[in-house]
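Paired with chain B in one complex and with chain C in the other, chain A is shared by the two complexes that follow.
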Partner chain A sequence: MAGAVQETPRVRTLLLDAPGWADHRAGQHLDVRLTAEDGYQAERSYSIASAPGEELAITIERLDDGEVSPYLVDEAADGDQFEVRGPIGGYFVWDASDPRPILLVGGGSGVVPLRSMARHRERVGSGTPMKLLYSSRTWDDVIYRDELETIGIDVVYTLTREQPPGWTGYARRIDRELLEETAWPAEQKPRVFVCGSTRFVDAAADGLLELGYEPGWIRTERFGATG
Partner chain B sequence: MPIISRGFHGKRQEGPSDRVPPGQYLTDDFPVLSAGPTPHTALEDWSFSIHGGAEPVSWTWDEFRQLPTETVTVDIHCVTKWSKLDTSWEGVSVDTLLDAVDHDAAYLLAFSDGGYTTNLPVEDVTGGRAWVAFAYGGEPLEPEHGGPARLLVPHLYFWKSAKWVRGLSLRDEDEPGFWESNGYHLYGDPWREQRYWGD
Partner chain C sequence: MRDPRTLDGNAIGGLMLELFGVDLTPAPTTCGSCGAREEMARLDVYRGAGIVVRCRHCEDVMIRIVQGGGRTWIDLSGTSTLELG
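So, the complex of A and B:
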């Protein structure tokens, strides 16, 4: 571990110095394996937060009843060591040579692999239209908040639980009407990446299908109980 | 000598170690993993077919549900690291389905609504080791978990238990399916931790 950024009270980005790491594609994940002194081990998968070519980073949300995430968010310090394996996954990935407009739809920490895609677009100087719909509980739960101001893509926020005074953005779960107002029109045949909880992913994907998107345009990544 | 993670103790969930494969943890939830939108196929439009044998065979939903069923309680293991013990399913044994087909295939590709496929050796889905399940925990299988019917092959990682399954394509050669073409192991034995290419 070579550094950390506290993104929100529950979420931290870890920078990793991983000798021998093969470069990843935007959207892939890796496996973390922790080993206790007596040899006990626990493994979990996490999305890669950095863009290809950058110093490797993962962003982790602490799940209070989890086993690995509390250690990575609260305990691990610079110089600590753990094993990583990857990159993993060849489907939920965005290739910058894909000319289609990109719609990113993230719920909570589901924004992590989407951030890798947005950074990748910025780093390679891609002109591909890309837009992020990002659902969080509160403004304080928004991960990468400052970075998203300057990353060069449209970001549409919805805050589902609590909104700051004067909030003029969306304030409800993603639904068909919200998608209709914000998503690329189906005529543009966008490529879509949706990441979040199962309920979030199903709501977003079903809403997009109602707007005329085809199932084959939509790639999903769902997280359940991965503590 | 493994790398020690300073200060890590773990929660050490108590699980019968002979039932939890290496690298897995137990969960009481039922997480969902899928690559795209959840298909919603009406039962009147549903069929299950097997081709690649001497003659193609197909069942409508009503025909399928008239086949003899089995209720099984099994442990399941997802490649994303969770395992769930004592899950209860009702389904039709793949033995029953393949009995209707004259074939000598060694492999098959299961195919699903939404375009998902997964490859399996025939010997792994016969001999009482695999089912086409339509109920979970005594209730009709929810679409997000693969309903109306999914394959159930509990001795392999759970991506092999294809959701929304619509049929089997019998073949002589092993051909990678969807996840197997995207970095995941061709066979997927959780006890040998065959998660990814190269395992």
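So, the complex of A and C:
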């Protein structure tokens, strides 16, 4: 571990110095394995937050009853060592040479691999239209909030639990009507990446299919409630 | 509605890479029960003492993986095809 950024009270980005690490593709993840003194091992997958070519970073949300995330968010310090395996996955990846408009749909910490894609687009100077629909519980739960202002893509927020005074954005879970108002029209045949909880991903993907999107355009990554 | 603890096949990409030496997340699979064809990344994955992979259409078990004592036991009897390359 070679540094950390506290993103929100529950979310932290860890910079990792992993000798021999092969560069990743935007959207991939890695596995972290922690081994206790008695030999007990716990392994979890985390999305890579950095763009290809950048210092390796993962962003982790603390799940209070989790085995791994409380350590990584609250305790891990520079110089700590743990095993990582990866980069992993050739399904949930965006290739910058793909000319199709990109729709990113993230729920909570599901924004992490999408941030890697947005940073990648910016770093390679891609002109591909990219839009992010990002669902968070509250404004304080929005990860990468400052960065998303300047990353050069359209970001549409919806705050499902609590909104700041004067909030004029969406204030509900992503549904068909919200998608209809914000997603690229189906005629543009966009490529879509959806990441979040199982419930979130199912709702977003089903809504897009109702708008005429084809299943093959939509790539999904679902994470469960184990951390 | 699926169990909110459900993961998907992306979550076992690392394990499969270690076991088989290739990335299986984009690999098309065919369910042995209903014949649905989906990339491994889209299948439902449940992690407990072992790993159970289910078809996202008929929910029948396609793959079971149990590890222990330095050995790995993989039951693929619910999967009729797995396409690589």
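We take it that the second predicted complex is superposed on the first by the 227 of 227 C-alpha atoms of A that agree within 3 Å, B and C clash if a C-alpha of one lies under 4 Å from a C-alpha of the other, contacts with A are read in each partner's own complex, and residues count from 1 in each chain.
Quick note on the criterion: a residue touches a chain if its C-beta (ideal position, glycine included) is under 8 Å from a C-beta of that chain, and two chains touch if they have at least 3 such contacts.
Worth saying up front: this structure is predicted, and the values here are computed from it rather than measured.
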Which of chain B and chain C A:Q81 touches, first, second, both or neither: first
Touched partner set for A:L209, first chain B, second chain C, both or neither: first
First (chain B), second (chain C), both or neither touched by A:L30: second
Chain B versus chain C as contact partner of A:E67, first or second or both or neither: first
Contacts of A:G89 with chain B and chain C, given as first, second, both or neither: both
Contacts of A:Q41 with chain B and chain C, given as first, second, both or neither: first
Chain A: partner with more touched residues, chain B or chain C: B
First (chain B), second (chain C), both or neither touched by A:G107: neither
Residues on chain A lying within both footprints (that of chain B and that of chain C): 45, 88-92, 198, 202, 219-220, 222-226
Chain C partner contacts - residues on chain A that touch it in the complex: 29-31, 45, 85-86, 88-92, 197-199, 202, 219-226
Touch list for chain A against partner chain B, complex: 33-37, 39-45, 67, 71, 75-77, 80-83, 88-92, 198, 202, 205-206, 208-209, 215-216, 218-220, 222-227
For the chain B and chain A complex, residues of the former touching the latter: 2-13, 23, 25, 27, 29-39, 80-82, 114-115, 144, 178-179, 181-183, 196
Contacting residues of chain C [partner chain A, same complex]: 1-11, 13-15, 17-18, 23, 25-26, 39-42, 47
